[in-house]
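In the part that follows, the structures are each spelled out as C-alpha cells.
You will see chain A twice below: alongside chain B first, and alongside chain C after that.
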Partner chain A sequence: TAAATRPWRLFGAMCLLRLPRITQPLQKEEEEMAALMEQIELEKSHYSDHEIRKLQEEEQLRRRKESAYDDEDEAPGKMVIMAQDLEEKWEQKLLSFKAAPRITDADKNNNRTSLNRKLDSNLMLLVKQKIGNQELWLLPQVEWQPGETLRGTAERAMSTFLGDHIQAKVLGNAPYGIYKYKFPRAIRTEDNVGAKVFFFKAFLQSSDLSQAELKEDYLWVTKDELGDYLKSEYLKKVNRFLLD
Partner chain B sequence: CLFFFLSSWLPQMVPSRGSHWQSSLLTLRASLPMRAQPKKKKKVDPRREQAQKDRMKKKIKKLEKAAPEMIPIEDFVTPPKYLDNSRVRSLPPLSFEETERRVLLMKRWCLFKQKQDKAEKQAIQTLIAAQQEALKELRLESEELYQAAIRRDEGLFPFEREGPNYTPPLPGYDPPEGKCVDITKVYTQ
Partner chain C sequence: ALVSCHRHYRSRPTHGIGRYKYLLPKEAPKKKRDRVQMKEIDVGTEHEYGDINIQMTSYDMCLVEHFAQYVHRLCNRLAVRVKESYAMPTKTNEVLFLEERGSKMQLDAVLTTHQRVVQISGLSSTFAPILLEAIQSNQPEGVHLLVKEHTEADFKSRLKSRPELEELLAQMS
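What follows is the complex of A and B.
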C-alpha cells in the first residue's frame, strides 16, 4: 500500500546523559539533621569494647599518677599499646590518604567539551547541526528513514556523532518528548509542512570516549546550562522530560 | 542299602567300620551334609527384621512431620555481654535550649522533606505527561511506529547501576592488601 505523503517529516533525536559520579553536596537542613542523628545515636548507644578499654586505661593511668608510680604490676621496658595510641595511629593513617578532588581541573577551566566536569550532575550531549540555513545547537538528531523504528533512528543519530563504539543504554522504546515546528513559509509546501522531532533518552555506560570520532562541534552541558545554547521553544520541550 | 555308622562323637572324619558297631551307635550323625540341601533359616528372622525396618521408617516419618526448627535471627537477639549495666553511657542531661533546638530542627526537616517529595512527584507527572503527548503525536503520524514504540523493551530490566561515591576514583590507586575472613554462622533446617 502506498503510504500517503504525510506533511510532517520525522526526526529521531537522542538525549545522551552522563550520570553523576559523585554525590551532590548536602543542603543546610540535611547537614543539620545528619549531625543531630549522629548525636542521638551516640546518646542512645552503649559503650563498645574499645571505649571500655580506653576508660580502663585512663583509670589506670590516673591511679598510677596519684600513687606516685608504683611499678609492681608492670616491669619497666614492657611496651603496652594503649587504646589512645591506637586511635592516634588510625587518625594519622586517615590524614595521610589523599582522595581525588571533587572539583576537577575541567571544572576550573570550564572546559565544556570534557566529560570530567560537574561530576555531581547529569551531563547532556549537544551538537551543532545545520538546519535549513542556520547552524544551531541541538540534541543530536537524524531524519527517520522508512523501515526503522524511531528508537533505531535515535541510535543512528548517536552513532553518527559519536562513532559506533558507544556504550549507551537506551531507556525503552517509547519517545520521551516531542518538538514540533513548522518550516518557514518560504520552504513550506503542501506535503512538507514541518517536522516532528522525537526525543529518546539514554544513559552513557562507559566513561571513556577516546574511541569516539566526534566530527562536529559538541558540548557536554548540565540542565541549567542548556539555556545558554538552545532556543526557547525547543528548550521548553526538552526541559519537560529532564529530571535534575 | 548300606548304613554308615560313625564310631566316635569327635567331629573328625572316622572311617566307618563294619556292621558289628551297630549296637552302640544307633543314631545317625548328620553333621556332614549328607543330603545336599541348603541350610534352612529360621522363619521368625525375616519377619522380625521386617518389623524392625517398619518401626524405623515410622520413626523417620514422625521426625519429618514435626515442624522444622526456626533459624534464630542473629540481629534480633542481643548478645548477653551487651546487657551488662556497666556499659551504659553516662552523659549530662540535655538542657532546655537543646531540646527546643532539636524539636524545631525536626519540624524544619519535616517541611523540607515534604517540599522535596512534592517536587519529585511533580517532576514525575511532567515526565509522564510529556511522554503521553509524544506518543499521541506519534500515533497521529503512523500506527506502526506507534506500535513499535509501545512495545516492551526486554533488555531494559534488570537495570543495574553503581551509585555515586563521595569522591571520584583516584587514578592509579593501589588499595592495601588484606584478607577478609567470613565468620557468619550458617544454619540448616
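What follows is the complex of A and C.
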C-alpha cells in the first residue's frame, strides 16, 4: 500500500507574521539625501495659493499704512479672515497634536510576549513544543493527517495554538520552505525514518488576540532574535524564506 | 569630396532603394472607439491568475506615483507582464468643521485622493504570494493597497458616462 512505503512523517508548520506598523528610521545617507532633495524642490517650486494670498495681503497692509488710511472705507467690509490668522490657527492645532510613541517596547522592558513590540519590523510567533523527549522552541507545527491538504494542516496548527477566530491571511497554497530531519538511531524503525516539516506563511490582519493562548510558552520574535531560540539547522532553513 | 551627391533620382536604377514599408504586414485602420476587453484567464486548474489590478490610493500624490513606479519596475524585473498602468481621476473632498461652541463656525480643509492602478496578467500561483509579500512589506505610510481581479465594472469605471445616450435608451425601452 502507498501509505506503508513512506518512511517519512509529515508535519505542517505555520509562520505567523505581524507586518510592521511604522516605517524604519532612515539611515544617515538617506536622511542627507532627503534633506538635499527637499531643499532643491523648495527652491525650484512656485508659490501656492495660500502663499500668494498672504503676500498680497501683506502688500495691501503696507500700502494702507503708507498712504495714510486712504481706503479706510474698504477695510471693515472685507478682510474678515487674513491668511496670517489662518496660519497661526493651524500652528496652534499642530502644537496641540500628540503623536503616538514609536518605541513602546522600550517601556515594556523587552517583554517578548506582547504584540506591541518592535513596530517597525516583522514579528513571528514561536511556540515551545515537545518533540521526542525534548522541549524545543519551534514554529507551531502539527502532524499531517491523510486526506488533508498541507495548507489545512498549517492552519490547524495555527488554530490549536491561538484559538479558532484568528484573522490571519494565507496567501497561497504552496509551502515556503521545508526542513527534513532523521530521528536518532534509537527510535528509528523501517517505517519511521524521519520527519519533514513544511512551512507556510500567514499575515496577521488584526492586532488584538483576545482569545486565550493555549500554551503559555509563546514568543513574538524578530528575525534577528530567532537565532537565540532556534537550532542552527532549523534556523538555516527558516531564514531562507524570511524577507528582511 | 567626402559627401557624395548622387541622389537616387527617378530615372536612375537605384530609385526607391530604401523602401521597406511595402514589406510589412498591413495594419488595420485605427477606429475611434477602443477595443472593449481582453480575454480573461482565471485560475481553475490552470495555476495562473488572469488580469489583476493593483490599486494604490493615498492623499499624497508624490508617494502614490513613486510607489506605482516602483511596483511597475519590480514587475518588469521579475518578468511579470504589465498590461496597463493608469491613473483614476482624483477625488476632491472638502472637510468642514462644525464647532458647536457659540456660533457654528466652519473651517475648511480640502483633501484630494489620488489613485493609481497597475494591471498585471499571467501571474503564476506559485509566485503570486512572494510578489504580494514584497509589495506589502515595501508599502509606504499613508498608502492603501488593494489587489483584486479585473472585472468589467472596473473597466467601465474609467469611461465617462453619457447622460444623453442614457436618456435616449431610457426613452426607447
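We take it that the second predicted complex is superposed on the first by the 192 of 244 C-alpha atoms of A that agree within 3 Å, B and C clash if a C-alpha of one lies under 4 Å from a C-alpha of the other, contacts with A are read in each partner's own complex, and residues count from 1 in each chain.
Just so it is clear, a contact is a pair of C-beta atoms (placed from the backbone, for glycine too) under 8 Å apart; a residue touches a chain by one contact, two chains touch by 3 or more.
Every value quoted in this text rests on a predicted model; they were computed, and no experiment measured them.
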Scan A:E38 for contacts with chain B and chain C and give back first, second, both or neither. neither
Chain B versus chain C as contact partner of A:T23, first or second or both or neither: both
Given the touch rule stated above, what does A:L243 touch, chain B (first), chain C (second), both, or neither? both
Is A:I178 touching anything from chain B or chain C once the two structures are fitted on A? First, second, both or neither. first
Between chain B and chain C, whom does A:E91 touch in the aligned arrangement: first, second, both, or neither? neither
I'd like to know which partner A:N122 touches here: chain B for first, chain C for second, both or neither. second
Is the number of chain A residues in contact higher for chain B or for chain C? B
List the residues of chain A that touch chain B in one complex and chain C in the other. 19-20, 22-23, 171-174, 203, 243
Please name which positions on chain A make contact with chain C in the complex. 19-20, 22-23, 89, 122, 171-174, 201, 203, 243-244
Contacts from chain B onto chain A in the complex sit at residues 82, 86-89, 91, 102, 105, 108-109, 112, 123, 126-127, 129-131, 133-135, 137-138, 141-142, 145, 148-153, 156, 159, 161, 164-171
Once bound in the complex, which stretches of chain C touch chain A? 107, 125-126, 128-129, 132-134, 136-137, 140-141
Touching residues of chain A toward chain B in the complex: what are they? 6, 8, 10, 19-23, 27, 29-30, 32-33, 36, 42-43, 45-47, 52, 99-102, 104, 116, 119-120, 149-151, 169-178, 180, 196, 198-199, 203, 237, 240-241, 243
